Each structure stands twice: as structure tokens, then as C-alpha cells.
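Shared between the two complexes below is subunit A, which pairs with subunit B and subunit C, respectively.
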Partner chain A sequence: MDYIITVAVFTAITTLGVLGTFVLTGLTGLFSLGQAAFMGLGSYIAALAVVKYDVPFPLAVAMAVVISVAVAYVIGYTTLKIRQDFFALVTFGFGEALRSIMDESVKYTGGAMGFSGVPQLTTPWLAFGSLAAAVWLVRNVRKSKFGRDCLAIRTDELAAQVIGIDAFSHKLKVFLLGAGLSSFAGALMAFFTTYVEPGMFGWIQSAIWIIMVFFGGRDSLTGTIFGAATLSALPEILRFASQWRVLIYCVIILLIINFRPAGLFGRWELSLENLGLKHRRVGPGIPEGKIHG
Partner chain B sequence: MAENGVLLEVKGLSKKFGGVVAVDDFNARIKKSRLIGIIGPNGAGKTTILNLLSGVYESDSGEILFNGRNITNLQSFEVGRLGIARTFQNIRLFEDMSVLDNVRSAYSWRAEYGLLKAMVGWRGVGSSEHRVVEQSLHWLGKVGLSGHLDEDAGSLPYGLQRRVELARALAGEPRLLLLDEPAAGLNPAEVRGLIELIRKLFVELQLSIILIEHRMEVVMELCQWIYVQNFGCTIAQGTPAQIQKDPVVINAYLGEEFECSR
Partner chain C sequence: MEASQFLSVAMQQIVNGISLGAVYALIAVGFAMVFNVLKFSNFSHGGVLGTGAYLGYLAALYLKLPLIPVLLIGMLMGGLVAVGVEFVAFRSIRKKRGQLVYFFVTSVTMLMLLEQILVIFFGASFFTYPTMIRTTSFSLGGINFTVLYLVMMAVSLLAFGTLAWALKYTKLGIAIRAASNDLTTTNLMGVNVDFIVMATFFVSGMLGGLSGVLLGMTYTLYPQIGQLVVKGFIACVLGGLGSVTGAAWGALALAVVEVSLIAIMGAGLSPAVIFAIMVAFLLVRPQGFAGVSFQEKA
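Moving on, here comes the complex of A and B:
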């Protein structure tokens, strides 16, 4: 496959995974150092199902998402009641535990050597189409009451509870949604790279995803997509600079954090209205476009 | 159901923090559409009472009956859904959200759609949101904030932030509204406006209000019945006229020692 298309598909799938971090960490303020582990879980489940058990590809992807969401339910139900800093620790532990399992169960996963021989079934169109669909879903959630509840809980959980928002149940739903998105991305990734290894899904990867979200703007879906796309493609683009690329990468991130603390895009969202291509619909006495969230 | 119009009944409510008794055996019977005040020196446990009533704290002992239903130690979101709304002494708004969205948030638990419908952009989401906007605009109009819908709540001046918080509380359509020092930090003109606003809301909405306040003009002008707290105990209760003349109350404010008697 063409090099550029390969980079583009890889970037699209990563962005899809980062959407999980966007809803969980960006919107709701829950720092998870295990988000990439859901991508790993999705990868392994789908790859094993197809290679070892001859499950058809679409069904394997669906299985990967359903099982990952079920795992997320167990983890979320037991940990989302504890304080948020502990939540970061627990998700860190979960991620690392999952990685160890993949590492150690050599018989099934190939261990640290990785699991290869996965057929390449993720076409560029499937990757881009999936990303587009996921972006649409997340955008809808963001614009509904769920988007407002996320922000309300992030800003002041006590005040949110007092006005009737069940913070625990809301966080659990967001956690499941995030796990679903990231594991879906994982399943696609396995069938694109044709190879999965545990090292790709450790806590460092989760931390990089958080950086991507904050780089683009934690409140902006547009910013998150931009952040994820540029930062995952950047190492490839900067390949010409050989050993300098890590340095350039870090400098760019530091510049953004210093000069645009709310992220590159802040709260700005890409829309026809914001580009001035379409007039704002006027609601009951207020401009529709301004009712965001 | 509640007997003879009693909305809230509190029996023997107590709360300790370590060795400090913040609230000691608080009792109250509050009927429908009453304006009640709680006053007392700093540290008397007034805010703790509101925190217990709104489910923010768990009580150590005692019982809270609301509309005849035992709500003791329910979680705050459950209490909120049953019809007790509150504001906070140090204003707790969703600062990064617009004024309108702050009020809309109070409708979340009553929304007619769930996560799956929201994800696929189900048609009902739009109409449900439209109704919520209209209702929110209604409350924002009541507190005089129609001109600030789009602004970030956190960027408004203090006095207006208090009104946003009030509108958000009213959007819960409460039967009981708890106001924790609503006049704190307001200038005399704003205090006047607040008194008029509370009176107007009280008359129009026929709800019960419990008000904590240090500004005596607010309490004395508005409240029909006043509880005076000191060191966690109720040292006096009565009408504003009675309270103003009560020697126990005057002593409490001038700093004389007081022993809880039971």
C-alpha cells in the first residue's frame, strides 16, 4: 500500500481510539492511564477470534467491542466511586495488568513476540468510514444533555449532584462509551497492521492520547481530532529530521501548553455556522448556534 | 402523604466532625409555602444543616421527612430529584458553561432520551432540547438574566452569578428551596433587589424557602419564622419580632457563653 495512505489509515484509527480519551478525560475530566489497554483488548479479541476460531471479521469486531465494554463495566462499576486521583491509579493498574496478561499468555497471544499473521482486512475506506461514524456519534453525544452533564461533573461534581445528576451512573456510561470507541479502534488496528504486540498498549500510549486531547483542546471535538491526527502523524512527517524529531515533537507540545493552555482550538468547533457558510438558525429569542454543549 | 400541610419535618438531626458537634439535635416542622430563616454566629452549624437536608452530608443521627417520605441519608441527586433545591454560600456554578447551559443542566435527569438515542441523534432529542431551552429561558427571565444567556457563567459579576445559581435551582421545580447566604458579597442595592426577588418568587411559586443569612435586614424582612443556632444548638426560635427582643439571641451575638440545655 502507498506509504501516505498507510500513514493516513494508521492516523485515522489512532484518532478513533483517542475519541475514547476525549469523552472520558477531555469532557468528563477522568484521567485514565488505561485507555490504550482497551485498544489492546479490542485488538487481541478480534485477532484471536478470526485467526484461531475462524470467526467472520465483522462479527469478530463486534465481539471485541462487546467484550471490552463488558470488561469496562466491571472496572468502572468498582472504581468510579473512588476519588478521581485514585481512579487514574486504578486504570493504570488495569492497563498494565492487561498488558502483562497479553505478555505472559504466550500460548495464545505469542507473548512479547507479538501476535502475527492477522489478515489485512481493514481497508482504508473502512478505517475512514469508521472514524467518520464515530465522530458523528461523539458529536451527537456532545451536543445532547450528556455533553452538558460531562462538563457539569468535571467542573463541580457536588453542584451537579445537587441538581439531580447521578454522577456515578453518568461516569459509568461515559467510561463504557470510551471503552467501546477505543476497543473498536483496536480491532481495526489489528487487521490493518496484521500484527499486534503488548507494548503498543501500555500506559505511555494512554498518556500520549491524553496529551493529544489537551494539545487540540479538551473541550473541542475538532481540536481533539486535529491533535490526534497531527501528533500521531507528526513522527512520520518529521522522519526526515531523523534524531531531531523527538525534540521537535516535544517542543511543539510545550509551546502549545504554554501559549494555548486551553488547547489549540479551545472550545471552537468546526461547523458550517462557525465558518460563516450558513446562517445561524434563530430559536426562541436566541441564536441557535450559541447553544452549544 | 404529609399531615396537615407539613412539607419538611426534621427530628433530632445531629452531625459531628471529629470532636466538634456541628449540629446537635436539630428539630423543625415546616409547612408548605413558608419562608424560614436560620441565623446565628459563624460556626453555629447553619450550613451543616443545609448540607444535611440536601444530602451533601450524611447525618450521624436523626430523621428527615420530606412530603411524608423519609429522605434521611439519601444521596444528594436523589434529594434533588424529590424536590429540594439549593444554592451555595460560595456560589458553585459550572463556570465554563454558558448561563443558559447552567440552567439547562438542571433538566438533565428529566430528559426524554438516553445515551443510545443521543448517540444516533434520534429525532426526539432535538424537540426535547428545544423544550428544555424554553423552560430554562423562563427561569432566567424570572431572575432577570435574559440578556446574559450566552456569557460564560464564571465571567459574570458576583451578583449575577448568584442569580444564575438561583435560576438553576428553580429549574429543578423544587417544593423546598434552601438558600445559603444569598446576600453574601452583594452591595446594598443588590441586597434590596435580592429581597424583592425572593419575595416575588415566594409569592408566585408558592414554595417553601429556608434561608441562612447574616444580613439581618434580609431575614427580618422576609422570614415568617426564624431559628437561631449557636454552637450547633437551637437557642431560640420565633417570629422576627420575638427574635429581635430575645435576650438569649442578643447574648449569642455579643459573645456570651451559652450551654446547650436539653
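Moving on, here comes the complex of A and C:
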């Protein structure tokens, strides 16, 4: 039973981190190859603050989120005005830079050997509660005018700007939100696994998060949560197959992208209306029609 | 340190940097070719690179082949693997006119897939290529020339020369350039686009296999060697996506900076400095080295 709870909490925290990728890629179509690095930044800041400076746990988590968002602001401000590839490149560079700093700061963080001895302060309820709160937040952001403006930017940036949407500021805000979510997940992760190492947050991890989002469906919050939860628990479930599991994982993703490019869930969301339990009320929502970009 | 001594140390780093840059340029150009035609960052190129490196290693170890046949085998295998990847992963997305993001996601998946295949067949351990070059280095004017590095440079130059010639004068090369310009119109003009895309992947894969074998000979062989494709990605973006020449220059600059930084401050923190330089460069010159700005269509 303990094992199942451990896997469940781990999965919940990972899903929280992946929500960062979901808002960024789902709302603006940007790719961050450094999203997992924000998780790393969050976990290191929180762990350092608690272990070395005796900062109380909640304050440490808040510090982790604030500092990560500030870092994201600098990165976003310099790169979001230019082309999207540059954003991908610079977030990638950020991840590698962060990793090299973590590797080198042996005195403070244990370097490449990892940072151990973090107290276990993340309870299962904290993890599940945080995930629920984040899901609620992301759902509302997506439904708000801001969220729909972002979808307009993703679909056709020029047209969106013509009707008066400030693409740069929207992208920046979404990026900050994403960085905040991922770093928060990182802080929780550090205090759950009690051990963090730089290797956990490389660009491949960020790429895997993007894959998870596409697996479930980039236009479906339900799908993303399903994708993140399944794909991060899958390696645990497939443990018996050891080295074949990554292979199986990749083949499943290839099949999904090839035969159901919109992701498993497409744009379907879990809601009372969609389950037929409640009548659909007419009102604002994401308009039907095609979203590109 | 005296001025002359400093100069020779600096020269040494530049020579080393250019040699490494030659291999980075091979990666970057292979990466850029697919980008030009299909307009997406093809990370599966790394998997092709790794597979080529391992197959070249097998050829060197078991068939006891000398250098040049090993390089050719690496190229051929790289080309075949790349064509296979195109067939398995990208063809149906292209046929369905899927969005570019799907290509990107699939290409990263293919990188992981090929990497994992290498782990399954060879294990996660390190391998070293058998020695294929007797003399290791010689000195000229105070600068040490490693023979392997010179071979790397010569091979890359030869490959680029051939590629430039083929792109400029052969029918297939002209078709590839046309496809880079506009895939749909090229198709309308009666060119078999499927064949051109396949050929592009084959050529790109040949460059990938070649760079894989060269990297494997210089360093050691490990399943994650394919992740060096990011050097190609960085070089390509810095060079201005959409320009093969720009990618080559970007690769050269990246390698020289990397080698110098490692000489000055060690390998540890150099990624952080490279990141800072990269951001500064993009702020000053967002269109890349070549100045050819590839416009994303809205």
C-alpha cells in the first residue's frame, strides 16, 4: 500500500509540473526545453533554504516559486519578442546552464552527486491538494478571456494582434504561470523524495513533458492530466520489462501521434455536462471550431 | 605568461576548436537540411548519429576495416536509418498535412527510441573505437596537431564540398533546393516530393552517420552520444534557421567558443557562460549569422 501511495504522490507532483508545460504549449504553442529545469530550480531553492538556512517549509516553497518566476521573467522578456525557435533554444540553454551550476556548486548542493538529506515534509494530502488547486487554476485561466486571447495568438498571432491582443505580454504571463507551476512542483518533489540531483531536470525531461501533453491532447486539460499521470506512472507499471519499457513507451507515443494526432482526448473535457449528468448551459466557453498553431 | 606563449596557446585552442567545429558543422548541416525541407527541428537526427556511430564501431571491430571504409559504412547506415525514420515516423504526418508540432514531438520520441535500441543491444556501458590511425600527433610551429583532428577536418571539408557541388549541379540537388523553397509548388511542378524528402533524409542521415563515427573515434561511444545533436540545434538556430552555410558557421563559432571556455575555466561552468553568450548574441543579432531570416507564417 505504501508503495502505491508513493507512486501516486510522485505521479501527482509530476503532473503538477507537466501542467506548466500544458499552459505554455497548450495556450501559446511555445515549446520550452527548460520547463523541467524550472522544476529543478524550484526544488533546489526550497531544499537549500530549508536545509542550510532553516527557513520554514511554506516560506521556502514560496521563495522557490517567486525566484523561479523572476528568472522566467528575465528569460521571457529577452526572447519572447523574437522567433519561437529562439525561445526553445534559450530555454534549452537555461536548463543546461542551471544544470552545470548545480553540478559545480558541490559545496552547497553536493554537485552532481545530488542534494540529499532533505526532510520529508510533503504529505500525500499536500501533493494531491496542490494538484487539485493547480488544476482548478489552470481550468479557469483557460476559460477566462485571457485564456481565449492566448488561443487566438496560438492560432494566428498576426490576426490576434490586429484585434488588439498584446501577444508579447500574454505569452510572457503564460510563461510565468508555467514556470511558477513547474517550480512549485519541484519544491514539493524535493521534500517528497528527500533527494534531488541535477540529472533529473535535463532537456530530455522537458521534451518528455511536451510528449506527455501531446499524448493526452494539448487542447484538453483532462487529457493532459491523464497523459502525464499515465506516462509518468507507466515506467513504474512496466518495471518488469526493465529496458524494454522505454521502447514500449516510445512506440505508444508514435502510434498516438500517427493515428490520433490531436491526442487521446482531443478537446474532450471531463465535466458533468459531458458525462450527461447535467444539462449544458449556454454561455461563454472555448468556441467550437478549429484551433491551429 | 609571455605574449608569444599566450599566442601559441590561443592558436592551439583555435585549431582544436576548428577541428571540433568541423564535426559540429556536419551535425548542424544534416540537421539544417531536414529543417529546410520540412521546417521542423529534427531531433531524431541524434538517434541516426548514434546508430551510425555504433554500426561503424561494429564494422571497425569485427570486420577489421580501415578508416575510410568504416566512415563510408557509418555514412551508408546513417542514411538508411534516417530513411527508415522518415518512413516510420514522419511520412504519415506529412501525408495528413499534420502541424509542425507533431513532427517535433515525433522526432524527440524517435531520438529516445533509437537511443533505447542502442541500450538494449549494447548495454549502457562505454566503448572505444579500435585504433585506426597510427601516428597520433605532430608539432608544427609550437602548435600540436592531432592527426585525428586533421582527419576530421579533411573529411568534413570533403563532405561539404561534395554536398555543395551536389546541391548546386545535380538534378536531385536542384530538386532538394526547390523543395526547401516551397514543397507544394515543387510537387505541382511534377517533382516526386516523396522521393525528394526521402533523398533529403538519406543525405542528412549520411552526414549524421559520418559525424557519429568521427565523434565516436574522438571520444567514447555511449548510447546517449546522439544527444550531441543539440550542438547541431544550437548551431542551426544561431546560424539562422534556413541557411545551411549559416549552420556551418554557427557550428564553427560554437565549437571555438566551447573549446576556449573549457581551456580557460574548465568544462564545469562553461554551459552557463555559453548560455549567457547565446542570449547576448540573440539580442544583438536575432536573424542569426547568415542574416537569412526564416519567417514563420502565421
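As a working rule, the second predicted complex is superposed on the first by the 280 of 293 C-alpha atoms of A that agree within 3 Å, B and C clash if a C-alpha of one lies under 4 Å from a C-alpha of the other, contacts with A are read in each partner's own complex, and residues count from 1 in each chain.
Simple rule for what comes next: a residue touches a chain if its C-beta (ideal position, glycine included) is under 8 Å from a C-beta of that chain, and two chains touch if they have at least 3 such contacts.
Keep in mind the model is a prediction, meaning the values are calculated, not measured.
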### Task
Examine A:Asp219 and indicate which partner it touches, taking first as subunit B and second as subunit C; both and neither are also allowed.
first
### Message
Looking at A:Leu177 after the superposition, I want to know if it touches subunit B, subunit C, both of them or none. Which is it: first, second, both, neither?
### Response
first
### Query
Touching A:Pro261 in the superposition: subunit B (first), subunit C (second), both, neither?
second
### Message
Once chain A of both complexes is superposed, is A:Arg148 in touch with subunit B (first), subunit C (second), both, or neither?
### Response
first
### Touched partner set for A:Phe94, first subunit B, second subunit C, both or neither
second
### Residue contacts with subunit A in the superposition, subunit B compared against subunit C
C
### Task
Give one of first, second, both or neither to describe whether A:Val162 is in contact with subunit B, with subunit C, with both, or with none.
first
## Note on the structure
Overlap of subunit B and subunit C contacts on subunit A, residues 156, 158-159, 292-293
### Summary
The answer for subunit A against subunit C in the complex is residues 29, 31, 78-79, 82-86, 88-90, 92-94, 96-101, 103-104, 156-159, 203-204, 207-208, 210-211, 214, 218, 243-244, 246-247, 249-251, 253-254, 257-258, 261, 292-293
### Task
Report the residues of subunit C in contact with subunit A in the complex, numbered from low to high.
41, 43, 88-89, 92-93, 96, 98-99, 101-102, 104-106, 108-110, 112-113, 116-117, 119-120, 227, 230, 233-234, 237-238, 241, 268-272, 274-276, 278-279, 282-283, 286, 294, 296, 298
### Message
Under the stated contact criterion, what part of subunit A meets subunit B in this complex?
### Response
136-137, 140-141, 144-146, 148-149, 151-152, 155-156, 158-167, 173, 177, 219, 267, 283-287, 290-293
### Message
Touching residues of subunit B toward subunit A in the complex: what are they?
### Response
54-56, 75-77, 79-81, 85-86, 88, 92-98, 100-101, 104-111, 113, 115, 118-121, 125, 129-130, 132-134, 137, 146, 149-150, 168-169, 171-172
